[in-house]
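Each of the next two complexes has chain A plus one more chain, namely chain B in the first and chain C in the second.
Right after this comes the complex of A and B.
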């Protein structure tokens, strides 16, 4: 069991800074996702853990001991890539046994381990076949098994599911989670797909432009984003982010949205904005499922009137786009009862309203601050 | 006028046969085509555009056989997945090129340019050349070029695939609005089933070169006419149980599980088949529920607004979609019931049974 410490790591390529002063503590046996848009530095971070790149500043440790100078092959790291990196011309058996043969294990020991791993992966019946004959799904399982069999200290997975089609991907997510529990190894998973990160990881490190934006359990990150970036990046359907100016009037706060809509903030919602002075540029964040129709559930909630602009079906949910002036709110039509063109009253939940500083993107309120 | 109609079309490729296909896209309709990779979606667009000629059958646009219209006169434009912008022209010139070619007045060109660049948020890159734009900006300029001429029909092949998630969601609403406003006919292809279902008035599901089902997104989602469509539409996918129907089609057996079927269907006893239930149609069972199945939860996927529960029902891994947040696998357990009104049944050939 191995824990990983990333200590104030910066990585520069010429003038370009790929990773800026990154500090991350990864406890042993945990499943961590590095999540961010393409080019954010997540793969560079993984490459430094692997030893494929060296940090320009800072250090990386396993179990507290510094890795600098330790060669890639001595770090004992398992890799699974997007393109499976399996030997398609060899049999499934040979693919699994290869890493063990390199380590010069006894033949009987190799055979025992190969059969055990094939069993775990559900590919025992294909051991004698060429790997090229496997389905895409089985190939990815083989790629994972091939890496796992040598019992690496740390497992690095770089977008391993992105070549699979949607339904396989949903199954592989569940499968990976079970495997991780069985292996008990520390796993670091790189992805740009927030659904994968949320569904798999114990903790998510969200990275933007080389900087760590937030590090926390999936639901903490979702419920309590520290920045506009994180709020925007995590969650589907996407959060509503409405830019505007905050103004005070006889002790009451109201928000003038750029699109012309005006929102009188109740005390509950105003608390979220409490860190700013008046007339500041702010962003109101509200997730679609926190907008509701029907009767007002709390006196604090913010009532609005608007028109149903568009209805979309996305899987089991119907999304409704509600137009107020030039501002459009995305909401969930949970009872399938709205129709396009209708004028309706809807409410924003005050206790779920998030406030961000428009200039810095930082969260203004928040429970964890 | 600009109804697109494909009649009995077959096109043979070296390793693949498209068709026979019969399909009608109404004027002013936003028609989606979805299906797995390499199922023939793009080939259908190429047939409509006239880039490919059918070996059999006819393609009619506005009631006229496309063989009899020059490609340039069909007034169909297409946005390709790999976009072809003129590299030496600015964004503005790329968009207005087809308008200038048609001899539109300066005022009209300016109006159309303004309208599409507003919708596509490209005002800030109109002066740049494609090489100076980001991938997303290039994609939107290509869209603008297709949309500006107000063609009879616009064929879109993965038009927004290269954009980031948020922009994609925004753009699909905007595209739909523009289409409706101009009363254009759109044929929209994407591998992203969710995107097609969200944007389209009607969809065709294409699998292995055949149109398997045509209907509104609601119809296709709620009444897939075959196992193949049930597998293709919905994420996470429908849970499927293979088993057999008992005497008089009143029950379905799978392993130790026996399900009563609300409205008995007409199948020979012992007929093999498949029972399907979507993840959101499985609920925690009340104590008095008559048909309960014991499950053991293996993991949960907390996705914020909802949670996917992975559980074993007998030997089979199933997925259950729960609204709201669960903190741990222990928050869900015991037994579940299937929503009897939302069970899907398929025969041994994979065809839908009953209503």
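Right after this comes the complex of A and C.
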């Protein structure tokens, strides 16, 4: 079992800074997802852990001991490439045995391990075949098995599911979770798919433009995003982000959204916001799931009246676009009872409403209640 | 009447155009034959005729000294005496032996050097493009000029002796053992770049990811080289070796300029031997017999090689 420490790591390629002052502590045996949009530096981070790139500044340690200067082949890292990097000139068997052969294990030992791993991954029947003849799904299994067979200290997976068809991806997602429990190894998983990250990881590190935006358990990140970027990136359907400004009026604090909707803030929220000053440009964040219809559930919730502009069906759920003035809210129509053009009253859950500084994207105060 | 019952559909056409030529445009096979005929004739003239003529002459005593025209060479027909003669010709076999010696030393040397250089050039380094051009230069030089360059370098008063502090009495091109070595060095200098170029092309085709994957699985660079790079460029290696073997067998210009086959016959390869037989001895029918025999043997070896390769593939 190995823990990984990334200490103030910066990586520059010429003028371009791929990773900025990244610090991440990955406890042993955990499943960590590095989540971010393409080009955010997550793969570079992964490559630095593997030793494929050296940090420009800072250090990376396993169990507290610095890795710099250690040869690539001595790090003992399981790496599953996005395109699997299967040795297509070898048989499936030889692919699995590669890591054992270079360690000069006894032939009988290699054979035993290869057969056990092939059985575990469900590719026993293809051992003698050329690896180039495997399907993409089988290649994925082979790639994982080939890395796992050498019992690596840390498992790194670079977008391993992105090439798979949808049904196998769902299966593999579950399978990865099982494998991680079986192997008990620390796993670091790079993805740009927040659903994958949310469903698999013990902890998610969200990275944007080389910076760590937030690091925490999936639900914490979802419920308590520290910035507008994180709120926007995590969660499906996407959070409503509505720009506006705070205004004081006869001792009460109001949030004026750009589209014209007005939200009067409770005394508690006002106290929170008074710290950041009046007439400040802010963004209101509210997840579609936290907008509800019908009766008010809590006196603090924010009531609004608007028109159902459009209804969109996404699988079993219906999404409703609710228009207040020029402001548009996306909500989940959980009871299937809305129809287009209808005037309705809806409520924003105050305890789930978030506010961000428009300029910096940082989270402001607590919640709107 | 029988014609009409055989192909009633073509009846009307047939009445208008009769004879062989009118049917050519309707019959795909006939048309194909006549369209291909000019090209086939050309091929026969270019390839088959010279070979056939050579075979014909090799069965005679034809030589320019007699003043007999080539098509009347049959007058000195000798029932394969030339072929019997080449079997027992010590000078011919010695020349063949020297050619093989040269090949056995020069080609592995070129291969190893080319392989090593190609491996170095898989990495990016400062000046890679410049060195790449420099390394490829020898290949572009006319072989006779390469011969001349090494002829000058290996003079006993030349720069090689100078560099190594060897006395003027230490000769390269006129020494029984060192003459062949000099030729091998010149050939290696000129043709390592070709090996390098072909092998590099093969190596650059090896997916980077696979090498990285190998390293991460604990393989050293050497293990990766043996287990991933070499197996993947097997066919490229085969092509490079075959190309160089064929070329090396034909070596002439470099040797001719550097040593003229000397001292004595120490560097006389098969091409030089044939050259001397042709122009010094004017023994043309014998040369034809040797040429055909070599062509036939090499073709046989190549065919066996290819059959073996395709057998292994299946």
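Keep this in mind: the second predicted complex is superposed on the first by the 355 of 369 C-alpha atoms of A that agree within 3 Å, B and C clash if a C-alpha of one lies under 4 Å from a C-alpha of the other, contacts with A are read in each partner's own complex, and residues count from 1 in each chain.
Definition applied: contacts are C-beta pairs under 8 Å (C-beta built on N, C-alpha and C of every residue); 3 or more make two chains touch, one makes a residue touch a chain.
Remember, it's a predicted structure, so these values are computed and weren't measured experimentally.
S.K.: Which touches a greater number of chain A residues, chain B or chain C?
M.R.: B
S.K.: Under the stated touch criterion, which partner chain does A:81 make contact with: chain B (first), chain C (second), both, or neither?
M.R.: second
S.K.: Applying the document's definition of touch, where does A:54 land relative to chain B and chain C: first, second, both, or neither?
M.R.: A:54: touches no partner chain.
S.K.: With both complexes superposed on chain A, which partner does A:124 reach: first (chain B), second (chain C), both or neither?
M.R.: Neither partner.
S.K.: Could you tell me if A:147 is touching chain B, chain C, both of them or neither one (first, second, both, neither)?
M.R.: In the superposition, A:147 touches chain C alone.
S.K.: Regarding the shared-chain residue A:89, is it in contact with chain B (first), chain C (second), both, or neither?
M.R.: In the superposition, A:89 contacts chain C only.
S.K.: So, A:28: does it touch chain B (first), chain C (second), both, or neither?
M.R.: Touch partners of A:28: none, neither chain B nor chain C.
S.K.: A:73 in the overlay: touching chain B, chain C, both, or neither? Say first, second, both or neither.
M.R.: Second partner only.
S.K.: I'd like to check the shared interface: which positions of chain A are touched by both chain B and chain C across the two complexes?
M.R.: The overlap between the chain B and chain C interfaces on chain A is empty, containing no residue.
S.K.: In their shared complex, at which residues does chain A touch chain C?
M.R.: Residue list for chain A touching chain C: 50, 52, 72-79, 81, 83, 85-90, 98-99, 101-103, 146-147, 150.
S.K.: Quick one: in the complex, what on chain C touches chain A?
M.R.: Checking each residue of chain C against chain A gives 207, 209-210, 212-220, 223, 227-228, 231-232.
S.K.: Provide the residue numbers of chain B that touch chain A in the complex, in ascending order.
M.R.: 36-37, 164-166, 169, 172-173, 176-177, 193-194, 197-199, 217-218, 221, 231-232, 234-237, 278-280, 298-299, 301-305, 308, 310, 317, 319, 321, 325, 327
S.K.: Help me check something: in the complex, which residues belonging to chain A touch chain B?
M.R.: 37, 165-167, 170-171, 173-174, 177-178, 181, 194-195, 198-200, 218-219, 222-223, 232, 234-238, 287-289, 309-310, 312-316, 319, 321, 328, 330, 332
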